Every structure is written in C-alpha cells, then in structure tokens.
Amino acid sequence: MQTDSAVVKDTVTSKKVASDKLLLKVEDVSMHFGVLAALKGVSFSVPKGNISVIIGPNGAGKSTLLKLISGLLPLQQGEIWFKRHRLSRVPPHRISALGITQLFQDVQLFSNMSVIENVMVGCHLRTRAGFLSAGLRLPQAQANERRILKRAMSKLSLVGLEQKAWDNPASLSWGQQKLVGLARALATGSEVLLLDEPYSGLLADEISKLNRLIIKLQRQGITILIVEHLTDVLMGIANQVIVLDYGEKIAEGTPDEIQHNKLVIDAYLGSG
Amino acid sequence: MRMKAFREIRSKMSSVKLQNRVVALFTLVMMTIPLGIGPYPISVMVDVGLYSIVTMGIILLMGFAGQISIGHAAFFGIGAYTSAILTTHYQVSPWLALFLGTVISGGIAAAIGRAMFRLHGLMLAGITLAMNLVFYHLVSSMVNITGGAMGLMNIPPLMLGGFNFSRSFLTYYMVWIIAIVVLGFSLNLADSQVGRVLRSMNIHAGGSENAAQVLGINVTRYKVQVFAISAVYASIAGSIYAHHARVVEPGTFFIPFSVMVVIMAFLGGLRSPWGAFLGAGLMIGVRELLWEIMPVFVTGITGAYELIAYGVILVLALLFLPRGLISLVGKAFTKRRAVV
Amino acid sequence: MDFPSALQIFISGVNLGAIYTAIGLGFFIIYSVTRVINLAQGDFVMMGGMLTVSFYNMGIPLIPSIIPAVVITGLAGAGLYRFIIYPARRYSRLTRLLLTVGFVFAVQGVALLIWGWDFRGLPAFFNTPSIQLWGATIFGQTPWVIGGMLVMVTGLFFFFGRTIQGKALRACANEPLGARTVGVNIDRMALYSFIMAAGLGAVVGAMITPLTMTSYNMGWPLTIKGLLAAFVGGVNRAEGVILGGITLGMIEAATAGIVPGGYHNVIAPGILIVVLLLRPHGILAIVGKE
C-alpha cells in the first residue's frame, strides 16, 4: 500500500522514487487458465510519464497481463494498483474511466461506422450524452455532438489521418487502421495507454511514424505501457523494459541493462 | 486537407436536412391518407401504426444494440392489461393508465435487464421466450383481475378534450401522431452519440464489446436502457390497442406476436427505425391482400390458402431480402451521419 | 398426499417428461448439426399425428399407418432443409430461425386445408385399455409413450455414440472444418439431421395422439415445450435435453395438482428463467461450446 507523498524505495527496482510518481503498480500477479499458469508472481511499477515495454518470447503471458490491467480478465491472485485505486473486480469500463485504456493487437475497429465515428465513440468518456436528451435532440445534445466531432477530428489529425475521416475502416491499410485505433484510444483522454503489440504488421516507415507518435504522446504527459515482440525498435525509446519468460519476470531495467542481461539473452536464444 | 473535411461535413448536414424533409413528408402523407379511404382500411392502418411502434423498439434493441427478444408481446400486454384493468375496474383516466403502463413496463425491463444481459444470443432469446410465457400464463390464470382466458371487455375508449376516440378515424390520428413522435425520437437516438455507442457494442453488425468497454462504455447499462425503451414503446402501443380493440385476451400477447414483430423488424431492415414501417406495412399489407384476394381465386377453407401463401411469401422475403426492405431504399436515407 | 395420487402424479410426470424430451431431442438433433433452431419441430409432431389418423381412417391398421406418416413427414423435413434452409446457409442464424417460422405457417395452412379445424384422435396402440395400478389410472397409451421414448433415446444414444454416421453427424456440429477434412459431407449430414428430426417428431405425434388428440395448430405449444426442455437442459448435450425434459415434466405434473388455476403453466418457463440465470448455458451444457 502506498503512503502519501513520501520518498519510498520502489520494492522492485530498489530505486528511490517519490511514491506519488508510481502510477501503475503490479504486485505479485498470477494467473491460471485451468492447469496452465500464464503468469507467476509478476511484480513491477510504472512511473508516471514513462514509456515502459514488456517483452518476452511468445506465450510468456504478456497479453494476459495487459488484459488484467484493463480489466478484461478477472484478477485471480495479486493486486494491481492505479494511483490509489485497487483494480481487482473493477469492470473494464470503470477502469477506463479511471484513466487506463487499451489498444488491442487486432485493433477491433467498428466496421459498421466510418473512421471518424470510430474515434467519436472513443470520446464517450468526455461526454454527457443521455438517452433522453439525445432522443429529444435537446440543444445540449447537439452541442455535445459538435464537441465530440471536433475532439475526434483533432485526435485523427494527431495521427495524420484526417483525410480518411469519412472512409470505411476496411478500406484503410493495416498500419492506418492501427493509427485510427490509437486515435480512438487517445480520444478517451486516458493518462495510461496499454498498447498490445502495436508494431505487428507495420511497414518500416509506419514503424518510425508510430515511434515518433509515441514519443510525442509521452511529451504530452501520457504514460505508455507497450507489450511487444519487436525489441530493437523499442530499445530506442523505452525508459523501462520488463522481460517475461514463461509467465515470470526474469529481468527489469533500462534498455541498455536488458540488452546485456544474460538471462534475457538465454531466454530468447537459448534453451527454449 | 481541412477544406475536404469541411466539405464532407457539409454534405452530411444536407443529408440530415434530407431526413428531416422525409419525416415531414411522411407526416404529411400519413395525416392525409384517412381522408381518402374508408373505415376498414383505416382500421388496418391503425394496426400498421401500432405494430410499427413496437417494431421500432425491436429495431433499436436488435439492429442497434444487437440483442434479441422474442418475448416482447409481454410488454405489449403489460401496457394493454394495465390500461384495461385500471380503466374498467378502477375508473382511472385512460391517459394516466397508459402512463402507468409504461412505468411498469420500463421498470420491469430495467429490473430484469441487468440479469438478462449476462446472457447472449440463443440463451438470451430463450429467456425472453420464457418471460413471454410467464406473462401469458400469469395473465391467463389471474381470472379475477384479468378475466383469465376470456379476457376483459368493454374497455372504454380514449377521450381527449371533447373527442371520443371510439371511431377508428380519430384513433388513426392518435396512433400515427404517436408513431411519428416515436420515429423522431428513435431517429434522433440513432443519429446521436448514443446510437453510435450502441452500434459499437453490436457484435452482430461489426462492433466489438471488448473494444467498447475499454473505451469506457458500460455495455450492460446501455443494453438495459435500450431494452427499457423498447419495453416502453411496446407498452404505449399496447395501451392504445386496448382502447381501440375494446377487448383484451391473453392469446393476443403470445409468442406469435413476439415473433411477428421480430420478423417485421428483420424484413423492414434493422439498420434504421424507418424499417419498422416498412416491415409492418409489408407483413400486414400481405396479410390483408391475401385475405382479400385469395377467396376470389380459390374457394376453400378460410384461412388455409392464405396461411400457406403467407408462409411462402415470408420465406421468399427472407431469402431474397436478407437485409430487409430498407436495403432497397436509396443510400441517401440511411447513410450514417455524424453531425447534428 | 396418499399413494395413489402420488403415483398418478409420477406417471403423469414421466409421461409429460417423455413428450417434452422427445420433442426437445428433435430440436437437439437439428441444432447440434446445423445450429438452426427449428421452430417447426412441433409441427412435425402434428403432421405425424394427423397423417397417422388419415391413414388409419383409410382402413390401414393403426401401427402400420405410422410408417407412411413418418415417411411423408421425413420428406417434409428434407424439403425444409433443401429448399428453405440450405439456400440461406450464408445468412445469419436468426434468418434461418425465421425461415422455419415461414415453414410453420405454410405447413399449418396445408394442415388446415386437408384436415380442417377439427380435432382428430386415435385409439390407443393395440387398443390397450386403461389399467388401474395401485389406485392410479394409467391410460392405455401411456406405456407406449414412455416405452417409445425409451426406445428412441436408446436408439439415438447408440446411433450417435456408436455408428459412423452418428459420429459423423456429431463431428459436423463440433468441428465442421475437421469433419470436411476427413471427407464428411456436411450438407448431406445436415439433410439427414432434418429428416431424422422430422421422422422422430412424426413418431412422437403418432404416439401422443391417442392421449391428447391433434389439430392443425397444435404445433406451437409442442414446439414451446420442446424448446423449454432443450434450453433448461442445455442445448448442446443430449443428456441435458433428457434431463431438462424429465425435470420439466415432473415438476409440471406435480404442480398441476397442487397449484390452482393455470398457474402451474408458469412453472416451466419460470424454471427456465432461474436455470438460465444461474447457469447461463443450461444445466448440463458444456460451457464454451455455443
């Protein structure tokens, strides 16, 4: 449990950090699917404003971890803290309201609406749209719509796709779809973004574009937790790297430290 | 870049205006029709109107929120019986009774909705079916209150101002004014953020419940709210039906009715509340035509050939119009808009 | 409660349960292979009953009358699949469900045409008389219903569990892709499932007509009963359907005597609601196989 504004020793990295700077704290989290243990006693903390990356070989439990944080999977063992809130048994939409949103690996854009409408759905948390005021077309509902459209457009511009606003999502390239998904996630105004393998399927120029975007977002104060496979790309921009293997955390540190960590090298190249 | 987006927005706005004009035209047409037709067609149109109201609720529930209900006759029945009982046994004003009916329907829908929507697809359909059955059998059994299988009779007609709505002519206007108001409300919902959010949750139409949830959308709450609204629509129609038919008996509020409104929603088109009118118009139109025309061509047991033809037409319509009649109507009327 | 009444209720319960189960199994067969909810199942039962009556009235002895009745109903089932369901194979499941409703209308229309509004009856098989057993009255037909049902269930278990064809049918339901890989013709299997369900329904119809009579529109209440049994037990396990059917039958029989008026009809759907809320897939269903 974190105490107020004191200087504490981060139990994980043993570095001294102001406790109110630790945004997200994962404590001893384990997860079983039947007999299969997907995660075993994983602990780490993410300071505010970080770009933190979770890497590890396939099946290491990385996606599961993200789903536990965003609430799509129920927490079986351990605790997850976000600021002062305990995230067990909290439904995903409440977690989102608290400030954490996720971008899925397959994005899952809504194919029954245009690109801009997808992003507008993301603005949901920023509106007070009720059934009654919407159905009666009250002035506040109309103003709401205008506001949402404006906000959605600005997020879409941020990722550089405002030209595609009225297009069908299916007509976009995969890389563009990912960017729309990102814009949609950004529309929520969340301070923490969970990105599940955002680079998968992207072309080289799209990768660097995404990198630049992520850094830009960090400068805007957003904390980003990325689960990824492609390690080289991220080593350049990450502040913190956490390595999972077979559901356990085997290493944590700066990109530099990780790249020279024997355990990590073994896990990726060795015995497996 | 910006200019293009601006132009796009302008074209969307004109399609909003277009829809407004269509609604106005529709209203004009529906209001003038009774002047040119006799009492029997008017009474048929009253049926179309009532079914349309219920079906609009189903379209919001199925087409937008992506949930199914094959038990909505129960809500239609709650409205009808509440009005019938309160006005015959307790001399309550019909309008108050109608209002109370909607409160009860909406309340029950909200109460059971939370538990209900933990289920999906087949099982959800099953529980709505069970709900209809429970209603039907309860109403059939509570003989003292509901008249049991025989039902209630001599329900007073609606009164408004000096007008006595016992004539179909006036009931027609009341039904269709309400139907158009409900249409307006539903269209507004559909084109608003609410409609957008509903579509985003609808896994049968390209949405994703998970994606919606991580964006902060309380999926269950939306499902329940739409369910409650559809219950209210059905209840309103039910109350009016009670005063129009002057008789209520349990058989009307059973599975065939529930399935019929689903068929109407489906054949009309789930993509827009307009589909309700198309579907109701189609099914009732076909029914009336068959019952009128068939006896001319074939003499035989009344109802037999009509039933057969009805079934055949239904099958053909489903096979050839999988997206409903609305897919035949031009894109201009149903294009998704994002602007007010 | 005295023993005769209890026995009467028990017998009535088994009887009802047998009927629920048999119809539910008809659903199950079609649903498990094709994922179609066949709302015409009750009308297959009606057809079986009505056709048997017709053939019997033509002078053919009772039991042999069942055979043409089953054949014709089976053909109807085949027609339903071939001309109505198969063309819609790429449409949504809801569409296929609604298509069976269209079929229901058409079938009821034909039935109305041929047999009119009347109720038709049959004597009990082999003219078995009602017997008195320990104070309870058992109608002559009841043992045939129960016995027939047992035979049916055993036969189905054997068929689905032991024979190649049965296993092929199950494979289609569980793993269509895998089934195709080993050469199973899914289309053919689907057709067979419809024919089987129709035939079974017809047999049920013939069996229960001596007890309950048939009329052109008795399909609906039967369909609903079968649906309830299947849902309560869990649509994707045959054992579930049987359990659901027997349970519903027993409870309905038990409450019919005790509960006044028509309230006992509320019990069956009420149970379904409770079951679905507690176990969203039905009592015995395998979770994750929907």
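Points worth noting:
Lettered A, B and C in written order, each chain numbered from 1.
Heads up, the rule we're going with is that a contact is a pair of C-beta atoms (placed from the backbone, for glycine too) under 8 Å apart; a residue touches a chain by one contact, two chains touch by 3 or more.
No experiment lies behind these values; they were computed from the predicted model shown.
Farthest from subunit A in terms of Cα centroid separation is C.
Put simply, the chain closest to the centre of the protein, by Cα centroids, is B. Subunit A and subunit C have Cα centroids lying 51 Å from one another.
Averaged C-alpha coordinates put the centre of subunit A at 42 Å from the centre of subunit B.
Taking each chain's centre as the average of its CA atoms, subunit B and subunit C sit 32 Å apart.
The multi-chain contact residues of subunit C, meaning those touching 2 or more other chains, do not exist; every residue touches at most one other chain. Residues 68, 115, 118-123, 126-127, 129-131, 133-134, 137-138, 140-143, 148-149, 204, 255-256, 259, 262-263, 266, 300-301, 303-315, 318-319, 322 of subunit B are the ones that touch subunit C when the two sit in their complex.
Of all residues in subunit B, only 1-2, 4-5, 8-9, 12, 185-186, 188-189, 192-197, 199-200, 202, 205-208, 210-219, 225, 229, 336, 338-340 touch subunit A in the complex they form. Chain contact summary for the complex, subunit C toward subunit B: residues 37, 39, 84, 87-88, 91-92, 94-95, 98-99, 101-110, 112-113, 116-117, 220, 224, 227-228, 231, 235, 261-263, 265-266, 268-270, 272-273, 276-277, 280-282, 290. Those residues of subunit A lying in contact with subunit B across their complex are 70-72, 91-97, 101-102, 104, 108-114, 116-118, 120-125, 127, 129-131, 134-137, 141-142, 144-146, 148-149, 153, 162-163, 165-166, 184-185, 187-188.
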